[in-house]
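Okay, got some structures for you below.
What follows is a pair of complexes built around chain A, which joins chain B in one and chain C in the other.
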Partner chain A sequence: MPTIITCFKWVVDESYIRQGTAGELDFSVVDYRISDYDRNAIEEAMRLKAIYGGEVLALTAGVPEATKSIKDALSRGPDRAFFAVDPSFGGLEPAQTAALLAAVVKAHITPYDLILCGEGSGDLYAQQVGPRLAEHLGIPSISFVQKVDIQEGKVIAERRVEEGIEVVAATLPALVTVLPDINVPRIPGVKDTLMASKKPVLSLKKEDLPPIPEPYLQTLEMKTAKLSRACEKFGSDDAEINRFLNALRKKAAI
Partner chain B sequence: MDFKLTEEQELIRKNMREFAEKHVDPIAVEIDEESRHPAELFKKLADNDWMGMPIPVEYGGAGSDYLTHIIAVEELSRSCASTGFTVSIHVGIAEMLILLFGNEDQKKKYLTPLAKGQNLGAFVLTEPGAGTDIMAATTTAVLDGNDYVVNGAKTFTSNGPTGGTYLVFAWTDKAAGRKGMSAFIIPRETPGMKAGEHFKKMGLRSSQTSEILFKDCRVPKENLLGKPGDGMAMAMAGFDNGRIGIAAQSLGILQAALDESIRYAKQRVQFGQPIARQQAISWMIANMATDLAAARFLTYNAAWLKDQKQPFSKEASMAKLFASEKAMEHTIKAVQIQGGYGYCKGAKVERLMRDAKITEIYEGTSEAQRMVISGNVLR
Partner chain C sequence: MGGIWIVAEKKEHALELLSIGRFLGNKMGTNLSVFSWRDQDACFDYIAHGADEVLLPTPPAADQSIDVLLPVIAGEAQMHHPDAIFFSATARCKDLAARLAARLSAGLCSNCIGLSYDEGAKNIIMERLAYGGAAIQKVACRIRPVMATIPPGTFARGDSDTGRKGQCRELPAPPTSALKIIELKKRTREIKDITEARVIVAAGRGFEKQEDLTLVRQLADRLEGEIGCTRPVSEENRWLPVELCIGLSGVQVKPDLYFGLGVSGQVQHVTGIRNARVIAAVNKDENAPIFSVADLGIVGDIYDVVPKLLQALNKG
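Coming up: the complex of A and B.
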């Protein structure tokens, strides 16, 4: 029976970001949620468990305040969670996240069969954590997956590529990054949410983990993008309508 | 003093919001216009354990506290006040009364299917001649062998046409006054009980309201809830629990009115700028946000007191009175902010305004709440 690891990221819920008067982004009232595609990854792990049995383990790295993320993840079905936790684990780069997750997998979750990640995160969408994690672990990585199955020690995956659909197989253990159309993630039931805190969680502090690489990038500033609008007014008579059409043609809008 | 919700309460609120956006918003306009009971939606609500949240797991519930249920009713009502109310009266009155006063057999037989959402509960008290004045009721239940025989006419029963389990109040000893009323659990199929057609209403249109008529309806003795004569006290206890739910329903309506007002005022341009820049409009929104915050504190406090097993009757009335009157006041403003567009079908504020009105009427009118509150503070 397979052991499936499902990785998730706790991201800012964009609907809470406000724009300040000077155009700066105001994060003061934001809330967080499990990144959308990671919900698909968790759901897919649960779907496979329903067919093949085994165990589903949720894995994340984050700041100590992110305990709610663990409950959220566990309310979606996984049996246990692993939490690499430190105040410095906020705003990690993909390379750092992958290094952390790999360290946890190597030290605490080996052997395993399949790792499921979302194709990209809801905030950065760098699409790097999955492939980098596979690289650290020395296992095959399959991206853009819209259908997945396990058969005789192999993972069979349907990849959506530009030209069409590619079906690939890889020997387990392997890592798969999933697209949102792979399934419809559940909305957890009340009981699932209330029981989530009763499931085992292994928290791993910075001191328990090998050092992670320094970030490659530094964020200097974040501001809102401005759309410049022409704000031209048109009347409703024939001449004005023609002028309107010409204006659209000039902008190649029609 | 700690005003922080638990992580579970925050997650459950978000899950309900997601559920409501996915399953309720798309049908809210249609079920209002058609005055239709969305049975398919209640099946989905049951699948997510929303139909029996504060009921212990051994009786089919989710075992949450009452505040969590209240938060869910609020969030659901933000999308559809009718649906929020149906859940509220089903859980907050029908289930809570059986939980509080039912015996073990009744909890197994009636509470468990209710908590699992397998059928809807109804609270059958009001009569054509007995609204605020419950003592004027005339429905009777006379013991005959091992059965009570119920005769009379009830009206305004929510979930009347669609219910499965009815909690019916009738005189077993009219001469005993307040100690002469009793309550019975009557399942839908019982011969002699008949639900009428559902009423056409101004608002709360998808919630089904009807008369319930009793003609020599035989109810086995074991379906008596609590002791003979405890009916009035149980009805009051039902109101205490239910009123926090109506306050939550009002919060949902208020929050939706605020959301709609902010959205519209920022986007509607008159005199060359968004109307939100006009002080007349922005102050309406400021008042709305402030009253919503105050109503929420009153409501959550009442639920919290209940969860702490402290007296909460006065606080439940205060929360219901304030939240419902503010919902009415501010939905009128929300229509005002949207001008002619707000007055037309298709504008959410139009439905909010019609739905808000009922919160000042049922489970005790505003006047009745003021009687309860003044009775408490003038003691």
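Coming up: the complex of A and C.
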């Protein structure tokens, strides 16, 4: 029966980011959530468990404030969670995150069969942690997958490439990153949330883990790129529709 | 030693990257190399477009994934220490780039949309979107090789100079791939390119069922435009092909008119329409974020408003 690891990231909900007066990013009112596509990864792990049995383990690295995310992840079904936690584990680069996750997998979750990650995170969308993690672990990786199955010690995946769909197979253990259309993530109920509090969590502190690389990339500038156009609003009765169409004509848009 | 390396699956993407690579290479006084495994006969074109060297790995067999190139490129990099490696940001190359970066203990700027060279600091400066497109970030890499994946279409291809000289070098055959390709289901229908469309009517999740998209089609036809959509419409509902998805994970468009119907206006979508000249929208929620990025907006139900628009357009 397979052991499936599902990785997730606790990210800023970008719809809360405001633009400061000088074009800087204002994070004063932000909220956090499990990155959208990581929910698909968790759901897919649960779908496979429902068919093949085994165990689903949720894995993340983050700052102590991300503790909330563990309960959220566990309420979506996984049996146990692993949390690499330190105040310095915020704003990590993909290279650093992958190194941390790999260290946890090697020391605490081996052997395993399949690792599932989201296609990319809601904040950086770098799409690197999955393949980098696979490289650290020396296992095959398949990205941008819209369908996945396990058969006779192999993972069979349909990955979306520019020319169409490539069906590929790899011997387990392997890593797969999933696209959002692979499933519809569940919305946890009250009972799921209550059960989640009882599930075991292994927290690993910085001292328990091998050192990670310094960041490779240095941010020289970060500016908001929000579009703001003065929206003229119209109603939906006939007169308003005509007024709207005239405004479009005046802008020579039609 | 050193040099700028280009890795792309398709010749047209390689040519685009050669143009920016040549520009940076001239500033940095370094050579430009390109890996070519599909088009073994593209050497001459690549050299004419700025390559000093074309590296020819043995083309992988049909059942071999391009991850077989990983040890080949990594081996070359460990031997020749390139200054920079730029990948075309296609699905397979993004995967390859991330694995290579991990193998070389290097940084990687994903989906890089701008490249320049700071002559003072002797640094390549890379631009990318962050927070779903809510911010633009400029980064430099502290160590070599500087690595980036660059979406196709980001840079224009340069002119060809058939008098340029360069060399081709065959690389050792790769080992077998850990991934086996069982089948490539090629898309048979033609791919629609909306990046140059003058008018785009975009469908959002405000539509209840696939048949209702005829409203979008009718309006697009009436305005002589094309159809686009949000990611949930193409990927979750699969009502429209993925190449019509506009935004962070889809295409960037620059029409005279973008007209969003039942589109909420989340930043990941809006980042794809920032170069539209006029943005118009219909949404029944007057607080929908699309209204803060639109020039003109109708607060109303698409099922009521679109037929009215069609009627008024057909009259006027």
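Here, the second predicted complex is superposed on the first by the 223 of 254 C-alpha atoms of A that agree within 3 Å, B and C clash if a C-alpha of one lies under 4 Å from a C-alpha of the other, contacts with A are read in each partner's own complex, and residues count from 1 in each chain.
As a working rule, a contact is a pair of C-beta atoms (placed from the backbone, for glycine too) under 8 Å apart; a residue touches a chain by one contact, two chains touch by 3 or more.
Source: prediction; values computed, not measured.
K.L.:
Is A:L194 touching anything from chain B or chain C once the two structures are fitted on A? First, second, both or neither.
P.N.:
After superposition on chain A, A:L194 lies in contact with chain B alone.
K.L.:
Residues of chain A touched by chain B versus by chain C: which partner has the larger set?
P.N.:
So, of the two partners, C touches more residues of chain A.
K.L.:
After the superposition on A, what does A:G62 contact: first (chain B), second (chain C), both or neither?
P.N.:
neither
K.L.:
Taking the superposition as given, does A:R33 touch the first partner, chain B, the second, chain C, both, or neither?
P.N.:
It touches chain B, and chain C stays clear.
K.L.:
Thinking of the overlay built on chain A, is A:D72 touched by chain B (first), by chain C (second), by both, or by neither?
P.N.:
The first partner, chain B, only.
K.L.:
After the superposition on A, what does A:V167 contact: first (chain B), second (chain C), both or neither?
P.N.:
After superposition on chain A, A:V167 lies in contact with chain C alone.
K.L.:
Would you tell me the residues on chain A in contact with chain B in one complex that are also in contact with chain C in the other?
P.N.:
Dual-contact residues (chain A): none.
K.L.:
Okay, in this complex, where on chain C does chain A touch?
P.N.:
Spelled out, the residues of chain C in touch with chain A are 9-10, 65, 67, 90-92, 94-95, 98-99, 101-103, 105-111, 125, 129-143, 178-187, 199, 223, 231, 235-236, 238, 242, 248-249, 256-257, 266-268, 270-271, 273-274, 277-280, 286, 289, 291-301, 304-305, 308-309, 312-313, 316.
K.L.:
Taking the touch rule as given, give the residues of chain A at its contact with chain C in the complex, in rising order.
P.N.:
Contact set of chain A toward chain C: 12, 14-15, 17, 25, 93-95, 98, 119-120, 122-128, 130-132, 134-136, 139-144, 156, 159-171, 179-181, 184, 213-236, 238, 240-242, 244-245, 247-248, 251-254.
K.L.:
For the complex, give me every residue of chain B touching chain A.
P.N.:
Its residues touching chain A are 7-8, 10-12, 14-15, 18-19, 22, 47-50, 53, 57, 62-64, 68, 72.
K.L.:
Considering the complex alone, what residue numbers of chain A touch chain B?
P.N.:
Residues in contact with chain B: 31, 33, 67-68, 71-72, 75, 187-191, 193-194, 196-197.
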